[in-house]
Amino acid sequence: MAGEGEMSNVDQQSMRGFSACLALIRRDLILTFRSPGQAINPMAFFLMVATLFPLGIAPDREVLSELAAGVIWIGALLAVLLSLDSLFKSDQDDGALDQLLMSPHPLPLLVLAKVFSHWLTSGFCLTLMAPLLAIMLHLPSDAFSALMITLLLGTPVLSLAGAIGSALTVRVQRGGLLLTLLSLPLYIPVLIFATGAVNAAMQNMPYTGHILWLSVFLVLGVCLAPLAIAGALRVINE
Amino acid sequence: MNWTFFHKLGSPKWFYDISGKWLPWLQVSSLVLISVALVWGLAFTPPDYLQGNSYRIIFIHVPASFLAQSVYMMMATAAAVTLIWKIKLADMALKVMAPIGASFCILSLATGAIWGQPTWGTWWVWDARLTSMLILLFLYIGIIALRGAIHTIEAAAKACAILSLVGVVNIPIIKFSVDWWNTLHQGATLTLTEKPSMAPEMLWPLLLAILGFYLFFTMVMVLRLRIEIISRERKTRWVKELVS
Amino acid sequence: MLNVVQLSCERDDRLLFSNLSFQLGSGEILQIEGRNGAGKTSLLRIIAGFSPSRSGDIFWNDQPLSAVYADFRLNCFFLGHKPGLKLDLTPLENLVWRARLANTIISREALLCALDRVQLAGYEDIPCSHLSAGQLRRVAFAGLIASRARLWILDEPFTAIDIEGVSWLESLFDEHTHHGGMVLVTSHQPLNNCQGKLRKLNVESFAEERIADGRGGGDVEC
């Protein structure tokens, strides 16, 4: 590429894209630790959803264990959506997004780093919380491992796909509802295969196929979503 | 004529002029085709041996479903053109197509529900096709809502284009997962459109109706596009001359 | 070297300026002037590569900007209306992530030295949320000192800066241009102390020229 040749002439230093990504992840993690509300609120929401279902439907063991996979996954999905609203908006508000866009490193790479740190503070924490909810909702112990694997594979896809919507609504005031509308259709395949896997595990059926499909979605998401997110950020920030 | 709007726009003026000539033909042909197809289909085809007369709703349901899906594909094409060649006309097309596609989606869902009542005994069945159509409706609503939420025209154009492309990548995935989910949760159901072999006396009016619906869609799109052109180009000389 | 040729900018059907051309070479300062809404910020954002122009070309070292974005971004420091700092981080932490994003790795000592130069020595471990608006600007300027960018694009840098800070910033421009740097700055404030390096460009004049031209004025006005 023309740009690369130019660079080695003008500036003798190499591009430190990986170091920039690490700095970005480090920054976002420090920010989460300093004001943990952003990470804790979705987790509290997750717990609340799991509490409301038995209250709203029935505390029967049979009914709940039947619904558990769906409830946990829908709760996780909505909790991730809740946390996505501020993913790029806080950067837009204080001007840090301009610095991100002005970086000489490839924007999709930087965006991937941001989504990764978002997943660490949302999807990953929700996954760690999931066993608690599974016990509350009487999920059969056979399905525990399926639930954990699907959450580990599925929540990064939720972060990636939702970040597209988050980037598109970065300039929209109170864009939370719009973000939900844009993201939910993208979440449906993940939800179907993840709950399918857990339900299959509950019936002692093999669920490798589901897991493989979720992995396909994850690979697709990692490859394509950063391009869409980067494109959206450039377009919206004009 | 060095007014630079022209170079950038893929010439909305040219489209406005030429579409004015198409419009009467489109109006007449779509009207004729749809009425012929509906009269033929509703009055002159024999009733279905299994479903009786209720199957006749396919003459509206099937064309509407076809259009709901193909309008999204057209929008994705317009989106790609908007992003690659930065032609404003493509974005205007993208904008005016979204509500039309959403309307066909709603029409398809409504006719599907009406057909479901005598056939399945319920207004709504989580059938794979109906569910996919419902999700498609969400995709349409998302694009319309995003356009409404962004105030800069250029940013809205590109944002909607990106969203349409993201959606079009996802449609096959969504369709596949919903089909898969449906086979898992339900046995084989009677579907509205998939027939082992459709009798030719039913097929011909259906094909006519589909063609008529496509022409109707083109007509509505051209009409809306002309209005959009006028409103977006209102500050150019040719529109001012046109209006005065 | 930055070369802007026949740039025009349109925002929501409104033509802000057209046929705007200028060159910015090593050791020069260009001050962009114009009333509010004339398109100063839009011009800077087009040059920085955030927004597309309606027509016209930008060349960076005689190559089209779109072909050498990575090199341009490596050599450009952009500071917009918002200082781009995370309020929960300390000035030092902010400087570190910004430097990494801009592909420079700087020692802690150098950053402390930069903070010292903007008179924020001793503030390096205090969260930015405790600093005033002017102090936040100064933190961003510390990033400016620490960066190795040749081209500075600064949008209203004097906002919230005290009188002493203004003259200090002017001397910083002087020093930067002395070493062959370039400064592109919008400001309502008259700049001095620049020993003939300063040129001014009024965005408004490129809006009026067009109307006087009689070519498109009538088409654009409501």
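Going in written order, the chains are labelled A, B and C, and every chain counts its residues from 1.
The definition used in the following text is that contacts are C-beta pairs under 8 Å (C-beta built on N, C-alpha and C of every residue); 3 or more make two chains touch, one makes a residue touch a chain.
Not measured: the values here are computed from a predicted model.
**Q** Could you let me know which interface, A-B or A-C, is made of more C-beta pairs in contact?
**A** A-C
**Q** Among all chains, whose Cα centre is located farthest from the one for chain C?
**A** Here the answer is chain B, farthest from chain C.
**Q** Taking the mean of all protein CA atoms as the centre, name the chain whose own CA mean is closest to it.
**A** That would be chain A.
**Q** Quick one: chain B and chain C, Cα centre-to-centre, how many Å?
**A** Centres of chain B and chain C (C-alpha means) sit 47 Å apart.
**Q** Calculate how many whole Å lie between the centre of chain A and the centre of chain C, each centre taken as the average of the chain's C-alpha atoms.
**A** That gives a centre separation of 35 Å.
**Q** Taking the mean of the CA coordinates per chain, how far is chain A from chain B in Å?
**A** Distance between chain centres: 32 Å.
**Q** If a residue has to touch 2 or more other chains to count, which residues of chain A qualify?
**A** 238
**Q** Two or more other chains touching the same residue: where does that happen in chain B?
**A** Where chain B meets two or more other chains at a single residue, that happens at 152, 154.
**Q** Identify all positions of chain C at which a residue touches two or more other chains, and write them in rising order.
**A** Touching at least two other chains: 52.
**Q** Across the complex, what residues on chain C touch chain B?
**A** 8, 11-13, 52, 54-55, 215-216, 218-220, 222
**Q** Mind pulling up the chain B residues that touch chain A in the complex?
**A** 83, 135, 138-139, 141-142, 145-146, 149-150, 152, 154-155, 158-159, 162-163, 165-167, 169-170, 173-174, 176-178, 180-181, 184
**Q** State the interface residues of chain B toward chain C in the complex, per the touch definition above.
**A** Residue positions touching the partner: 2-4, 7-8, 86, 152-154, 232, 234-237, 240.
**Q** Which residues, counting only chain A, touch chain C once they are in their complex?
**A** My answer: residues 2-4, 6-7, 10-11, 13, 15-16, 19-20, 22-24, 26-27, 30-31, 34-35, 93-96, 98-105, 110, 234, 237-238.
**Q** Give every residue of chain A touching chain B within the complex, in rising order.
**A** Residue positions touching the partner: 164, 168-169, 171-172, 175, 178, 181-182, 184-186, 188-189, 192-193, 196, 213, 217, 220, 224, 228, 231-232, 235-236, 238.
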